[in-house]
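Once you scroll down, you'll see the structures, which are given as structure tokens.
Each of the next two complexes has chain A plus one other chain: chain B in the first, chain C in the second.
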Partner chain A sequence: MRHGKYPFIVGFLILPVILYVVFVIGPYVQAFQIALTNWKGVSATPQYIGLENFTKLFEDEVFWAAVRHHGVLLLAVPAITIVIALFFSFLLNVAGGSKGGNLRGIWGSKFYRVVYFFPQVLAVAVVGVLFQAVYRPDETGVLNGLLNLVGIDNIGWLVNTDLALWSIIGVIIWQGVGFYVVLFSAGMASIPKDVYEAAALDGAGRFRLFFSITLPLLWDTVQVSWVYLGIAAFDAFALVQVLSVDRGGPDNATTVLPLEIWRNAFTYFKFGYASAMGVALFFMTITFAALTLRVTRREKIEF
Partner chain B sequence: MMKTSNRPDASARSRPSQSRRRGHRSPKSDVKVFSNLSHVALAVWALLVILPILWTFLASFKTNTEIFGDPLALPENYGWDAWGRAWEKARIGEYMLNSIIVVFFGTAGTMLLGSMAAYVLARYRFPGNRLIYLMFVSGLTFPIFLALVPLFLIVNNLGLLGTHTGLVLVYIAYSLPFTVFFLAAFFKTLPTSVAEAAMMDGCSHTRTFFQIMLPMAKPGMISITIFNVLGQWNQYLLPIVLLPGNVQDKWVLTQGIANISTNAGYEADWPGLFAALSMAIIPMIVVYVIFQRQIQSGLTSGAIK
Partner chain C sequence: MASIVLRGVDKIYAGGVKAVNGLDLEIKDGEFMVLVGPSGCGKSTALRMIAGLEDISGGEIHIGDKVVNHLPPKDRDIAMVFQNYALYPHMTVEENLAFGLKLRKMPKAEIQRRVVEAANMLGLEGYLKRKPAALSGGQRQRVAMGRAIVREPRAFLMDEPLSNLDAKLRVSMRASLNQLHERLGVTTVYVTHDQVEAMTLGDRVCVLKDGVLQQVDTPQNLFDRPVNLFVAGFMGSPAMNFVTADLVRDGIAFANYRLPIPASTFTDKPGLGDYIGRKLIVGVRPSDFEDARSANGHNEGWARIPVRVSVTEELGSEINVLFTIDAPPVMHKDALALAQDAAGDEADGSLPLGGGKSLWTARVNSRSQVRPNQDLELVVDTHNLHFFDPESGLAIGHPANVRG
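Showing the complex of A and B:
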């Protein structure tokens, strides 16, 4: 460590740290400050108004609608995605029957893994536009066209206020399942074969194998996935903004906090109010992450 | 002991016809039923993924009337008119070029600055090391929406609103937390002996990094490059905030596609929209099929760490 360690360290760190402080840390800190002001419009002079934005926020119906939608997303998206992904990855990895006591993956499992993962590389905005055609409310929609074939009437996927959020959840799951299939498959592949063999010799059936061996040994991965999907449930911005009727409609039936933050900031230029929403979102995300990590903590099984 | 445990297996194998006649399912046929059902379930999901994409591609060859007709019919003529219109009139060509420029400089900058910071933080001891590392990593937990308003104001004050430079700098800054986090962990796993030997021979710190450590970190660098390219290519929120409507010639692809979909109704060019959509999707399919192994490991690496 001769040749002047410190000039080198400073030289390597200075640019990344400056960029990061200016564009990331600075804005995060300022957001808390702006949330306490009545800043409206780029050129206006903001004044501190204490917690007024937050009291307004708690009386804002749209805010509560958005919070409720996050609740639905938070329960539905991780649960459904993880169940479907576990199901498919179990089929792909151990449904091929056993040969000499070895459980094999199903025929074509590589093909399925490649196809399932594909939606993950598409931009959410592109997926949103794609599903506008799928969900069209009349018989010209792809989904309604298919359902008409089996005699089901047109369904207003995105125009029916009771259904719209679920239609959007369907797209989130459509896009996400493949990622978790690949993730869980990697986890399942690392479970030693002899664990399965021993259980199979003891007469364990497939369901037993899944619940007594695969799931417990995969628990860490499932837990991480839950946190990931949960944090994603606090986003959903691009999909709702592109896909839903009237951006968050109909009648605020699909709106989410990120969308309201964006709308308040860049349509109404209510910078203070939008930042207050951001602070609320921040605390919700942090609480969720801390709670999940606490609740799902289990003893780690070494293998 | 051996004999008893072997017996059920042996009997099932030796008398399969008998057990089937009696109406019992032999383990083999049970496996078959299960395996067939699995194939059905798996194939259904594969179709769910493929069909919407295939439909979009086919719709780009349809006429407006055909698109608003039977959604399951095939196009009558296959012509590339709509593709030409999307490329020229709907400016998809321009948006794609913008995306390529922004993602190229964004990812190159992220990888350069990210690997430099990660290397120093992972391999050198100095006061403040831990603090700077934690500052970078803390960025992983914050929702970007919290920073949106101040970020917009800062970029505006720097005179970078509506410029590619501004977007590239913001992309780099927001890609740093994960890049630094992942690469620092990667640099820690590399052996110290090679670097020490180089230093003994009089190699400077900077040269050691660029000529010895960076090539050794290639696998990690590839994963994170893929992660960043895809993340920045698919970014939608930052472009719509930082490249507003008055600089449409600067727009990136995701922004352009979303905008065409809002306008398609007024201009009644639905085939154009689907051609534009296909142009956004097909390159991704090609890239994905070629690099699928690296892409899968690159994207899932974040979850495994």
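Showing the complex of A and C:
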């Protein structure tokens, strides 16, 4: 068998590896290369300028604003989304108590399950347009209209620099929760129901049931969700692009790195500078993923 | 500790399926009660209703002197051992044992004392820091027991706790369960489909079929005086042999055999005389047979029947002799239910027999050294014949049936 083993493995791997190298590794390497030049997108022989792009990056206020926003997104989006999704999926699956030997959700849980998933199937552009109507700063906005009814003045959801980013975070969470409800529901379904029953006999109420049984047994799923949501927090390009005032405004209050990269590359044609930003984003994402996986690592739980 | 009383308890599932039907049962303080029956007979449902894991559709359940129908499980002061152990997989053995006590806000020192005590009792001292995944099946089973013991509840409920263990371990755990019950003396309700477990563990055994109580009695009484065809066939292994026979003046006739019936039987079983000249169902325990050669001496009341052996199962000290008799199998609904239960999921578990023949089992001493396809003369202890009404399947002359 010896002579047949390596050709066999290589035969299977060669095509995917070639595709991966050409379309993933290649562009990354190229980005690292372009980041060291002052290429404007036209010249056939771009000039190498060393690390000048990176030193400029460190003095660029817009870049730091974007990094700060990613920091906020990174803390807020996964935490809030996961908490809300856990709460909903617990209500949908366990909180209704046991009937006829099956754990059930609260009344109407099948209906809510569908409703929660709706935002997930909408295209980002549609969501953007939808929330422009919701967040409109005058009394024709859905939110302001409602607030006017209870006597609160119009709020500039997307035009107030202190509020704009949080308004967008709200939309990201609104859109994301449904998926994680489904994910956590699947996780909860895989917990044997007699474990819940044993806990009920041991005297655990809903609250204890959640924190002592459900959450620890769901930890793997939560951890994966955290990584997904964190990586999504490094993106947020499409929603900011569609929803925010002046694409990342007002006054760069909502801008994010992918948006700045896109702007620098395709509006200002500073491909070298944009690539430097891309390299910075690459390292941030990698660091985040490695950190999360390390920090949240736990023993594998077997049922 | 407390007694548990069920009064007319019903369980009706959505769709009208009646899992438990008017169950009346009184479990005395400190008693080991076994609920036994084929799968789907409602025994687990009954247990889960006592635990509070299932709603009660009708009737009342008392634990101690309290009606617990609407009490949530945690307020019933009972502990349950599940078939799949239901240990908390993310907690160590120690945390598993202590969880219920912590939730009841017990002082730390007391929790520690109880956990250590239970661990010693069950031989779990060395495993307290392990997680369930790192334990064997038997050890997990003991942790599940320990979790019930530390609570010091008024009653233990056990739902087929030994069915996931291998045969040898099951026997030794059965013995430990017996010891534990002797030592703690806590009221125990134990559900099983294994009649050997039921016989060996129970102070009393309750046989259920299709959600209806058949008979509650001590294991020996169930074996010796089953109330109907179903109980007779369910208790005892190998199962009782049945045949439809004619009762004549002083004996029964079936196939080409004729067995005399001792006069004492007619006095013991009032009402049996009324069946003279009619058909009834006769039951013979395999253990009431013996090889005629090795049964020399006690011939009184023992009738001889010559048979042709078709299969033998050698068990070391005994041999199960399977032979056919020239009589059609009993088609009573109880007998069919038993056959179905024995066959399990298979469409037909028994050997295909030619028309009008049924397969009987006799248990003889291994000294008989009988081999398949030999002719063998068996003796039957005619004192221990069982008689059942061919219509109702009720045991003729059983006190419970005579009264009604």
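Going forward, the second predicted complex is superposed on the first by the 269 of 303 C-alpha atoms of A that agree within 3 Å, B and C clash if a C-alpha of one lies under 4 Å from a C-alpha of the other, contacts with A are read in each partner's own complex, and residues count from 1 in each chain.
Here, a contact is a pair of C-beta atoms (placed from the backbone, for glycine too) under 8 Å apart; a residue touches a chain by one contact, two chains touch by 3 or more.
Just so it is clear, the model here is predicted, and its values are computed rather than measured.
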Inset, instruction - Please indicate which partner A:Arg208 is in contact with in the superposed arrangement: first for chain B, second for chain C, both, or neither. - result: second
Inset, instruction - For A:Leu217, select first, second, both or neither according to whether it touches chain B, chain C, the two together, or no partner. - result: second
Inset, instruction - Tell me which partner A:Ile34 touches in the superposition: chain B (first), chain C (second), both or neither. - result: first
Inset, instruction - Based on the superposed arrangement, let me know which partner A:Leu74 touches: chain B (first), chain C (second), both, or neither? - result: neither
Inset, instruction - Give one of first, second, both or neither to describe whether A:Glu197 is in contact with chain B, with chain C, with both, or with none. - result: second
Legend entry - First, second, both or neither for A:Leu91, with chain B first and chain C second: first
Inset, instruction - Spot which of chain B and chain C makes contact with more residues of chain A, would you? - result: B
Inset, instruction - Check the residue A:Trp262 against both partner chains and state whether it touches chain B (first), chain C (second), both, or neither. - result: first
Inset, instruction - Pick one for A:Ala276: touches chain B only (first), chain C only (second), both, or neither. - result: neither
Legend entry - Where chain A meets both chain C and chain B, residue numbers: 98, 201
Inset, instruction - Please name which positions on chain A make contact with chain C in the complex. - result: 98-101, 192, 194-195, 197-205, 208, 212-213, 216-217, 219, 299, 301-303
Inset, instruction - Would you pull the chain A residues touching chain B in the complex into a rising list? - result: 1-6, 8-9, 11-13, 15-17, 19-20, 22-28, 30-31, 34, 42, 84, 87-88, 91-92, 95-98, 106-108, 111-126, 128-134, 139-142, 144-146, 149, 174, 177-179, 182-183, 186, 201, 206, 221, 224-225, 228, 234-235, 237-238, 241-242, 257-258, 261-262, 265-266, 271, 274-275, 278-279, 281-282, 285-286, 289
Legend entry - Residues on chain C engaged by chain A in the complex (per definition of touch): 13-14, 48, 51-55, 72-74, 78-80, 82-84, 86-90, 99-100, 103-104, 131-133, 147, 151
Legend entry - chain A-facing residues of chain B, complex: 5, 31-32, 34-35, 38-39, 41-42, 45-46, 48-53, 55-56, 59, 67-72, 113-114, 116-117, 119-121, 124, 126, 132, 135-136, 139, 141-143, 145-156, 169-170, 172-174, 176-177, 180, 199, 204-206, 209, 230, 233-237, 241, 253-255, 257-258, 260-261, 273-274, 277, 280-281, 284-285, 287-289, 292, 295-296, 299-300, 303-304
